[in-house]
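Next up: the structures, one after another.
Both of the next two complexes hold chain A, though its partner changes from chain B to chain C.
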Partner chain A sequence: MALSEIQVKHVARLARLRVESDEIAQITQDLDRVLEYVAQLSQLDTDTVEPTMHVMGLAMPLRADEVKPSLPVDAALKNAPDPRDHMFGVPRIMDGGDA
Partner chain B sequence: MRAYDMTATEISQRVHRKEMSATECVREVADRITALEPLVGAFLHLDVQGALNQARAIDALSDDERQQMPLAGVPVAVKDNMTTMDMPTTAASKILEGFMAPYNATVVNRLKAAGAIIVGKTNMDEFAMGSSTEHSAYQLTHNPWDLSRVPGGSSGGSAAAVAARMVPIALGSDTGGSIRQPASYCGVTGLKPSYGRVSRYGLIAYASSLDQIGPLARSVDDVALLYDIIAGYDPLDATSIRAETARVSEGPVDWKGLRVGVPKEYLSADLGGVVAQRLQDVITQLEAQGASVLEVSLPHTAYAIATYYLIAPAEASSNLSRFDGVRYGYRASGADLLEMYENTRAQGFGPEVKRRILLGTHALSAGYYDAYYLKAQKVRTLIRQDFEQAFALVDVILTPTTPDVAFRFGEKSSDPLQMYLSDVYTVTANLAGIPAISTPAGLADGLPVGIQWLGPVMGEDRLLQVARGFEELWPSSTWPGLGGEA
Partner chain C sequence: MNSGYDVIIGLEVHVELKTQSKLFCSCSASFGAEPNTHTCPVCLGMPGVLPVLNEEAVAYAVKAALALRCTVHPFSKFDRKQYFYPDLPKAYQISQYDQPLAEYGAVPIIVDGHVVKEVTVRRIHMEEDAGKLNHLGIRLGDAKGSLVDLNRAGVPLIEIVSEPDMRSADEARLYLTELRNVLSYLDISDLRMEEGSMRCDANVSLRPHDYVGSLEDLPRVEIKNVNSIRNVQRGIEYEVARQAELLARGERIVKETRGFDDQNGRTYSQRSKEEANDYRYFPEPDLPPLVLTQEAIERVARSLPPAPTVLREELQQAGVTAKEAEIIVGDRALWEYWREATTHYEDKRQVTNWILSDLSRLLNAHGDTWLTPRVTPAALADLLRLIANGTLSGRMAKEVLDRMYESGATAAQTVEAMGVSQITDHGAIQAVVQQVVADNPHVVQDYLNGKEKALGFLVGQVMKQTKGQAKPDMVNAILKGVIADYAKT
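Here is the complex of A and B:
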């Protein structure tokens, strides 16, 4: 089941990763080799096998829904590339907004 | 004896007895690091002044307060994927260049509370993805035994720093062998605890169902000492096990009556001659001590790498989606939000990280999830059951840590799949969630050979005893001479 370059571009878009047109062939080849290798799993009949979602079978722990101190705004924004008015600034998302 | 030749156990004893101050210790260690770092390249960030300040603070405490600190004055190195408020944390990625975390990892807080002095952050493969530390965005780390060879990875900086006697102990993280394989290549001891034993709060996540933090050291006692400090329940980590962690037992194992399993599937054609021969020598030694060495079968071994290289990239693709240029880290320009995301991630991540993100995104995408991710999680169950059945018959399992000794720079980095295949003996412990330790078993042509001991889930105590017993049988008497020293 060889991967097409169109599929790789689709996956790159899903992953929010820009790939240059001159990289696509190499990336496709690398991914194909790994996918070809992992295809051996299909040899195993796993119809009656439960997937391992946790190695010890532990359930997600719950805690009481209580207000507790959290990261102060200044600390949360300390590493932000574009802090604005106690928020994270980003480029515009839709046409017509401010840049 | 110089401070850098001492184990952590020796250093803390001397500091407790006031035979040496923490400041003296850190000064000697810092001088050595400064002299050797240009050769080894173990650290992404060093803070000698900060370390001296921490040491002075330890020295200023009362005797009673110091006695309460099991690592009083002990210099320690921390892999750069664990957050530290007073040093940058980059995971060896350009996307986190200069990142100053707003909180400490739980393990970092535990080290500090125990009196340890964090001297710096160690180099690694970017986001812990790799087996040679060549995938660091910043620098190469050289194996102290042969500077033309890799230290292994991804915790290559931590293993090299310990082997070069820059620090007695270090923290690494292990998702598919990233503590044990570099420990093996650098001739030190490295433990991957059971899944959930050590809090991962503040560990930059790679593959959340596999990641675990663990200690590296030049002696089993030091590994146990550090393990004791970092293990235990942490409410800040939802995957942390609520279990008693009594101090690990002291002393070596009694070999007589110990059942040691050797999986027949691990003795395949892939195994290099020197490692196969050493494993055979070890088995002979153990039998001479009265251990019963039995052949066991782990029938799904052949599927472990395929399983691992679906699960780990799938989880990585999800975990690494947080690096989008919005809240922290590098941001590239872009005409709109989508373009900014795509440019930031294209410029911020290195090639191996991109490969795994793409592979993982594909394995999780609509139409492929069942065939890839879910299938791999089912095969994982079979691999886990293999171990459960084997541990009904034996107390520990003995394997090689790696198929061969440390390789040269560039030898495997051109072929990703070839690099993945060398993880064959280590990934199974992460898939099964069991503890595993790599211990040195001497040298072959001047390069360390490691062997691995696997135990049942939560079986760290027995594993450490076995490792201690083996260390007595097979002591590491020499450490690499560097920079013209004898």
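Here is the complex of A and C:
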């Protein structure tokens, strides 16, 4: 088996998925089989093939820099569980952020 | 400073581009609006929406890259950077990972008008900004929760990453100053660190002289989001001292992110980076690659304004000192004022003196900037002409300038309204001088006995009687002549 239980726990943590300890072994086994299946692609010789960045094969469509009306604030906050002062209330953050 | 290690500093600078609309949607990108009034399904991260790239943001980014002497790649792509944080509604940021817009540029470090070093710009990429968190509580650590404003989410950013080429806090300051100078002439960003339109993260590590590993393996501390160039310098200074003390005690430096407290000048631990940096980048499936033709890149290159180094040279050729040139180049509006004033008046040295002393003083006193000076360059030139033709002494001109600044009137109008005009008539000055000499025989005797200061008193009397309008060098010459005649009698 290529995948370790530690790796599975790590990936679960990154994805904020709760994984019970009695599930780990089974998930590791399942995930490993998925990876094994995909790994078949490695058998192909792709040395002379350009990497595929995008399946559409288009160049980037661009948009003129023009402002169009935004949503009304009430609509923007409509699905928010804890709207306060026209903002999205969120629970206390334990960790630092990114930019 | 301890000679047992080198200070290694690399800077990551985020610059908000001042486009009208956001990077991937048509919401306004302007700063300071009511919370969440600039949002739409795209920047709120609703399911099923698609980003469409803003062409102006690309143009601005290319401009910045070329001005920083980077190679702009005709082919670049966007990637998803995944992390969970409440200011990021999609739970990923659209950024550029392994194929950024531009690479390998340089920013000169300028000391006394000379390039002493070039810092390599490793890469420049485009990405979207995150929203803004307002913490309920004094500090993040004891906040009860946060309120999220997503107006900023999706505003276009460029991230400018330097190589770890800087060796002191001072070099970091000079890098940032010149980086901001270069960008300021492109008109692509407000570049206001206090408003967050320019943000800097500093990576600081100490490399002991006996260290043999690679720079990447050195434990590195990242100081996040400092709000002024001065504070970046202070933060680095503190961090260098802190790490040096740890090394001296034989302790390990932990790789981590630290914040900067500008009240006490210290950095403080925010979180350990051991696991945090697993962003699982992958190509953004909603955006095809960005393809730029060589022709389009060259068109932008041709439209670039002169670099600050070129402006410095022009200033120094005009007789401006290196220190003065740094002040002028460091403020684009001031540079433009200087350039215009010198087209109206050819003594550039004189123009520089008046701009940097009296006009600067007036601007500061009134809380104005060079964007809104109340005396135009042409009006300043007119005033200087009145000095040159003898109508005003330098001292009188200062008073006239003060009045001009208040009233917005021209130099000629102000001179007329104030009733000031320099007395250059020899006979008129001589008459006053003779009177002063006759009235002060003891002082004249003191002067003749070698008391040089006595002359100053007599000059003062003449100036007082002429309400300060007599031409000072004429007063001096005539006074000496009259005293000489007096001595003979």
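Everything below uses one rule, namely that the second predicted complex is superposed on the first by the 90 of 99 C-alpha atoms of A that agree within 3 Å, B and C clash if a C-alpha of one lies under 4 Å from a C-alpha of the other, contacts with A are read in each partner's own complex, and residues count from 1 in each chain.
Keep in mind that, in the parts below, a residue touches a chain if its C-beta (ideal position, glycine included) is under 8 Å from a C-beta of that chain, and two chains touch if they have at least 3 such contacts.
It should be emphasised that the depicted structure is a prediction, and the values quoted were computed from it without experimental measurement.
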Touched partner set for A:K68, first chain B, second chain C, both or neither: second
First (chain B), second (chain C), both or neither touched by A:R92: both
Contacts of A:A76 with chain B and chain C, given as first, second, both or neither: both
Touched partner set for A:L31, first chain B, second chain C, both or neither: first
When both partners are placed on the shared chain, which of chain B and chain C touches more of chain A: B
First (chain B), second (chain C), both or neither touched by A:R84: second
Chain B versus chain C as contact partner of A:M60, first or second or both or neither: both
Touched partner set for A:Q40, first chain B, second chain C, both or neither: first
Overlap of the chain B and chain C footprints on chain A, listed as residue numbers: 14, 16, 53-56, 58, 60-61, 63, 71, 76, 88, 90-93
Contact set on chain B toward chain A in their complex: 99-100, 102-103, 195-196, 209, 235, 238-239, 241, 300, 302-303, 305-307, 309-310, 317, 321, 324-331, 334-343, 345-346, 349, 354-355, 357-359, 361-362, 365, 371-372, 374-382, 384, 416-417, 420, 431-433, 457
Of chain C, residues touching chain A in the complex: 14, 19-21, 26-28, 34-41, 44, 52-58, 77, 82-88, 93, 99, 129-130, 133-135, 140, 143-150, 199, 201, 224-225, 257, 259, 270-271, 275-276, 278, 280, 283, 285, 287-291
Footprint of chain C on chain A - complex, ascending: 10, 14, 16, 53-68, 70-71, 73, 76-77, 84-93, 95-99
Chain B-facing residues of chain A, complex: 3, 7-8, 11-20, 27, 30-31, 33-35, 37-42, 44, 46, 49-56, 58, 60-61, 63, 71, 75-76, 78-82, 88, 90-93
